[in-house]
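When the chains are written out, they are named A, B, C, D and E in that same order, and each has its own residue count from 1.
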Amino acid sequence: MLISCVAYQNGRKLADIPVEDISEYVKQPDCFVWVALFEPTAEELATMGEEFGLHELALEDARKGHQRPKIEEYGDSLFAVLQPVERVKTEQGTEELRVGEVSIFVGPNYILSVRQRTQVGFAAVRARTEREPELLRHGSGFVFYALIDNVVDRYFPVLDDLETRLERLEENLFVGVATRDKIERLYDLKRELMVLKHAVAPLMEAVGKLYGGRVPHLCQGTQDYFRDVYDHLARINQAIDNIREMQTTAIQVNLALIGIADNDVTKRLAAWGALITVPTLVVGIYGMNFENMPELKWAFGYPFAITMIVVIDAILYWRFKIAKWI
Amino acid sequence: MLISCVAYQNGRKLADIPVEDISEYVKQPDCFVWVALFEPTAEELATMGEEFGLHELALEDARKGHQRPKIEEYGDSLFAVLQPVERVKTEQGTEELRVGEVSIFVGPNYILSVRQRTQVGFAAVRARTEREPELLRHGSGFVFYALIDNVVDRYFPVLDDLETRLERLEENLFVGVATRDKIERLYDLKRELMVLKHAVAPLMEAVGKLYGGRVPHLCQGTQDYFRDVYDHLARINQAIDNIREMQTTAIQVNLALIGIADNDVTKRLAAWGALITVPTLVVGIYGMNFENMPELKWAFGYPFAITMIVVIDAILYWRFKIAKWI
Amino acid sequence: MLISCVAYQNGRKLADIPVEDISEYVKQPDCFVWVALFEPTAEELATMGEEFGLHELALEDARKGHQRPKIEEYGDSLFAVLQPVERVKTEQGTEELRVGEVSIFVGPNYILSVRQRTQVGFAAVRARTEREPELLRHGSGFVFYALIDNVVDRYFPVLDDLETRLERLEENLFVGVATRDKIERLYDLKRELMVLKHAVAPLMEAVGKLYGGRVPHLCQGTQDYFRDVYDHLARINQAIDNIREMQTTAIQVNLALIGIADNDVTKRLAAWGALITVPTLVVGIYGMNFENMPELKWAFGYPFAITMIVVIDAILYWRFKIAKWI
Amino acid sequence: MLISCVAYQNGRKLADIPVEDISEYVKQPDCFVWVALFEPTAEELATMGEEFGLHELALEDARKGHQRPKIEEYGDSLFAVLQPVERVKTEQGTEELRVGEVSIFVGPNYILSVRQRTQVGFAAVRARTEREPELLRHGSGFVFYALIDNVVDRYFPVLDDLETRLERLEENLFVGVATRDKIERLYDLKRELMVLKHAVAPLMEAVGKLYGGRVPHLCQGTQDYFRDVYDHLARINQAIDNIREMQTTAIQVNLALIGIADNDVTKRLAAWGALITVPTLVVGIYGMNFENMPELKWAFGYPFAITMIVVIDAILYWRFKIAKWI
Amino acid sequence: MLISCVAYQNGRKLADIPVEDISEYVKQPDCFVWVALFEPTAEELATMGEEFGLHELALEDARKGHQRPKIEEYGDSLFAVLQPVERVKTEQGTEELRVGEVSIFVGPNYILSVRQRTQVGFAAVRARTEREPELLRHGSGFVFYALIDNVVDRYFPVLDDLETRLERLEENLFVGVATRDKIERLYDLKRELMVLKHAVAPLMEAVGKLYGGRVPHLCQGTQDYFRDVYDHLARINQAIDNIREMQTTAIQVNLALIGIADNDVTKRLAAWGALITVPTLVVGIYGMNFENMPELKWAFGYPFAITMIVVIDAILYWRFKIAKWI
């Protein structure tokens, strides 16, 4: 589905243009065309491929999807794949991370974004860039930056959510006993962390090649901007590694806590067991059938035995209490 | 066994040719010969070695087999070893991964593939390349790419299967208790993962040297294609590492769940134990032989004792129920 | 909030100058201006940006904060972000690590420090540099070093504290049993360690680029000083990795100790259980109702039974004592 | 002990020569001398040092032994240390890995091998090289390759043995319960793995410098051969890492299985316990001394009680059987 | 404290000279001065700084101490920090590793060693170098090597001790049960290992820069010697990593053994429990008060019951013995 197709000149919007005119505008020197597609059909993509002269392999990647994040050079144009990550409600009412895909084709005078499996579009990017004509004058390279920056900014709320969940898990870690639920949440945290990690890490590596050293021609005026994006990605990546390491430690700590709890339960049970079995021994004694057992004939033999049992249990209880077994 | 031996010129098939004529065709400038062998005898290999002038060490590798995946330069020709991985039925009816071996010799005007321990041949590759004469015109380098691409594409169903199995394990992880069976499947998953990993990782490293920087002469017109293959391999490799990390976490989580289950069983047993031992104490009391025990003479002493036992157990049961011990 | 704004010439303080005059002084050849801000408003920052001609992206980083430590080149000027780490008292009376942020803009003839979320200022740095005019003559590069050096020096007490806590944990590790408290402290240690790690590691990497090889022009006369700072950071980093590894081992060791304690408790309980259940069997024997049980008619049958019980328990107790079960 | 001392010219053996003549032959242009020593005395080594003009440090390494595998350049000559690994019978009848040491000095026209702590000599290498004069014509570099290749080939049976043992451990892992013996074998596997690893990994790194890029003069005609050796080492190294990873997983899996077994035993014991304690409660009831207990007076009260006990136990047994507790 | 101050010329000792004359001798072309200090005062260090013209930062490092091992270039001179590690007796009679510090300043014609917290001096180095005037002729670079070599040689006995302890732990691992003591020793081993690791690893990295590639001018004639030292360090480092990996495995193995022991204890207790509770049930049966229990009236009822108990226990004992529960 075509979302928009606009021609720009000297940092200013010229006009919304029909798809068929793209190849004309692309020929003009100071002009560039910006096209946005959303889940396009194979024909739409093929048309774009012809209008812009895109490389067959890049087109195939955009059509097939399910690429890992990357930025590739084809001659003097670039092909990028990004993975926006969103938290969405599933039909069962639970939440999960959904990984979308954004393919971007950039040439000296065109930029084409193909959005898949994500509802959030790039209207905000278009508004931002049109508000800053002096930057837009850098051409398609700046738009390219703005699109990547936008996708990267969307990672922060996802990351914040993961950090919050780790914190909440940490707060509960030493409160009460280890439960299946706590461990399940630790596992889920890890799973979502890996989803984010696999969107961020390859992109970071790819963006790292857009500044410093040899840089694609398209990014040459905007290196500082790409370094800024790289920096954001590095920050996210570091935070992910941090969560990952703390999560691993949390699982180990949980194992230790479960062992201790096991120990505590064993002790508590043993204490209560003693409070039952010791009296059982006492009543067993007075259940013996010896003819000559003076206590049996005492008038208060029975209350005496019961009292003895109560006293013994009271003493045991008190000692177990002191030893923190109960 | 010779599967086929065909000469090509300018991207078009010339003819099926007999093995003895290979060296003639190889001498012609725009011509290249494509030979496919399946589990050849030592003599067949030796003949090929003479016709194409192959290096002794490469021939020995192809003859002996059991190499790790690699791509080596011998002068201006290349020698590659690939490991296709297939899921096959064993004689016992179970399934297992089988690692085959494909050795490829490529020179400026020949390409020789030697297939071992894998039923799936390269007829599809031949059909695809003959369908695209403009690409086939790139010569043996493009056929080389097409062969590698074909082997790499076969990894995806194996990977999908491993991912599906991890997902199924994850779904079961927190359902019911940990069983030997679950752990056995986690271990098997890991084992097959390592098989795939060892086919993919060295190949990825090797293919990474066929584009960008200094590149063998043979691959110079087709660098974008080799980058595409590299990208597929990188994607598979990342997915493998992901499964690997989640599998490790799953085993740790299992350990924690087993600890918790242990704890739960202990509590449940203790609760049921209490429901038996407390009444045992009560009946022990009325089994004492004191002469002066009023209850013993009551008309309803016996039903009273039984009722007391039932009441005590009901209370205990209720409390254990509340504490989730039963 | 403006803390100070001073012009220097040839290593000597010229004068405290008003903010509006900055751009004048900056133009003079041997002169440089040193400005210190504390949690500035957006306008204050914007003013500075204009006076010094700072890059938009760097300004935005300083305004937004929450960057990871880094040192970036913008043309011939540098932008650095540091994270001082302080141990502060929380309102609940506990202590925690607080991560502040110091952004530094350095140009050939200016230096601007922006301090956030940290009470400790750089008065000491100013005093030190003014005491050494021959070094201050190196210009803003030397002040830049002195600021970084000051922040790095603040890591040492934090590190010492973490090392002391690890030592105390190690001393307690094998004393008494594993407790939730010990494990909680191990976890907290890890958490704070990661805070320090994330302040130190990226800074170390960044400082490593300020000496040897290609170095920003600003740092060229002071490379030995930056290497010294790097060395301090490397030392801290190594110490952190050491604590981290020992902490991991400590958790594993704790797991083993918990397992052993579990075992010991089980044995102790079993021993005490035997001391109760064996007599219970004995009294059960004499509770049997056989008509022909000679002992029952003995005059001293009862004391005999009690004595037997005591003797049996004494023997059991002695044997358990020897086996170290009790 | 001198094993052999032979002069070669143009790939052909000239003659066995006395040690004193070495320096003469070494001076002739197309000639090279090949000396093999086995556990030489200090004097023998010193003599060689003089005849060949070996470097003091290399000689000291060969004399002292216990080096790690390495290949060092001394001017235009090379000094290599290899560690052949053999499985030998100890005096106690058990088997263990023994690490030998082979020091090789190579110059443009000499090669000296010093064998220590290994029975297997290099007669096979000598035979192989003499069989291929066209290769031997490459000079000492080719002999150097052949020696390394020979040592590397000896790693394969050791590796095969380790792989077989891992497979056997894996087959037993899920059969029966975890035993000390299984774990001991996992530990031993790891220990021997590390022995092989430390012989292979440094050698692989060293051989990697003998082909591609800047290469010692001696190896220049034989780079393809050294790449072949490197490839073998890389394959062994990969296999070692694979065993290592599976071994780690196997230990973790064992831990989980032990936990599950613990749980199973607890349940089984509890079930049998219930089959004893429930009847104990029943007989306790009929051991109460109430005057008015009708059952006690029934003619078939006793068989009734016994029957009741049997029925209760049968029901319990059946339910435990269903729950797989017994 | 000044240990010695000697001038050398052409590899021969000239004379012991007073500290004040150092600057004179340093000016002479073929001459170099070798000074050894032990825990010098700040003034002694300052004097040296002036005589030799040492860099302020290096002097500060030597004065403050507690550096990590490193080798730094200051112009054409070098500054090295080494950490000798010694096993010393503490006042409590136990042994521990003590980390000393040796700072070395080397210039083209001077060498200054500053020893701290270590009793062992460098008299042996002085003797060795004076014995080899042809090597000493290399000047201060060779003395520098000899000092480092001496410190590195001191690591070997410490490493041997750690290896011996690991071996002893391994021998005990599968003998008897896991004890707190075994685990404590595993932890201590790790701790000392890390001490050695942190002395060795950074030094290895630093020495690696003194041969091959670009090398400080001072080390140019003695590269082979520094490579030799590097090799020793690499060997120690590898051995450390090996101990570290085996130690980690040993802890995991211990965990498994503890789990198995737990299981064994549970089974043994259950078996003994059965030997007590089954008879208790039997005697309970004959304690029932049914009027019509024929056995009670048998003349040999009592011995019959006792015999039955003994027989039942004998059978149980025999079966438990077979099942290896007892």
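The definition used in the following text is that a contact is a pair of C-beta atoms (placed from the backbone, for glycine too) under 8 Å apart; a residue touches a chain by one contact, two chains touch by 3 or more.
Note that the structure is predicted; figures quoted are calculated from it, not measured.
Undergrad: Using only Cα atoms, superpose chain A on chain E and state the rotation angle in degrees, rounded to the nearest 5.
TA: Rotation angle between the two copies comes out at 145 degrees.
Undergrad: Roughly how many whole angstrom separate the Cα centroids of chain C and chain D?
TA: Centre-to-centre distance between chain C and chain D: 41 Å.
Undergrad: Report the inter-centroid distance (CA atoms only) between chain D and chain E in whole Å.
TA: Each chain's C-alpha centroid was found; their separation is 25 Å.
Undergrad: On chain E, where are the residues touching two or more other chains?
TA: 252, 255, 259, 262, 266, 273, 277, 280, 284, 287-289, 293 - these are the residues of chain E that touch more than one other chain.
Undergrad: If each chain is a node and each touching pair an edge, is that a line, ring, star, complete or other?
TA: Contact pattern: a closed ring, each chain touching exactly two others.
Undergrad: Applying the stated contact rule, could you write out the chains in ring order, opening with chain B and then chain D?
TA: Around the ring, beginning at chain B and stepping to chain D, we get B, D, E, C, A.
Undergrad: Quick check: in the complex, which residue numbers of chain D touch chain B?
TA: Those residues of chain D that touch chain B are 170, 173-174, 224-225, 227-228, 231, 234-235, 238, 242, 245-246, 249-250, 252-253, 255-257, 259-260, 262-263, 266-267, 270, 273-274, 277-278, 280-281, 284-285, 287-293.
Undergrad: Which part of chain C faces chain A closely enough to touch in the complex?
TA: Where chain C meets chain A, its residues are 55, 57, 61, 67-68, 70, 72, 74, 177-180, 183-184, 186-187, 190-191, 194, 198, 202, 248, 251-252, 254-255, 258-259, 261-262, 265-266, 269, 272-273, 276-277, 279-280, 283-284, 286-289, 293, 295-302, 305-306.
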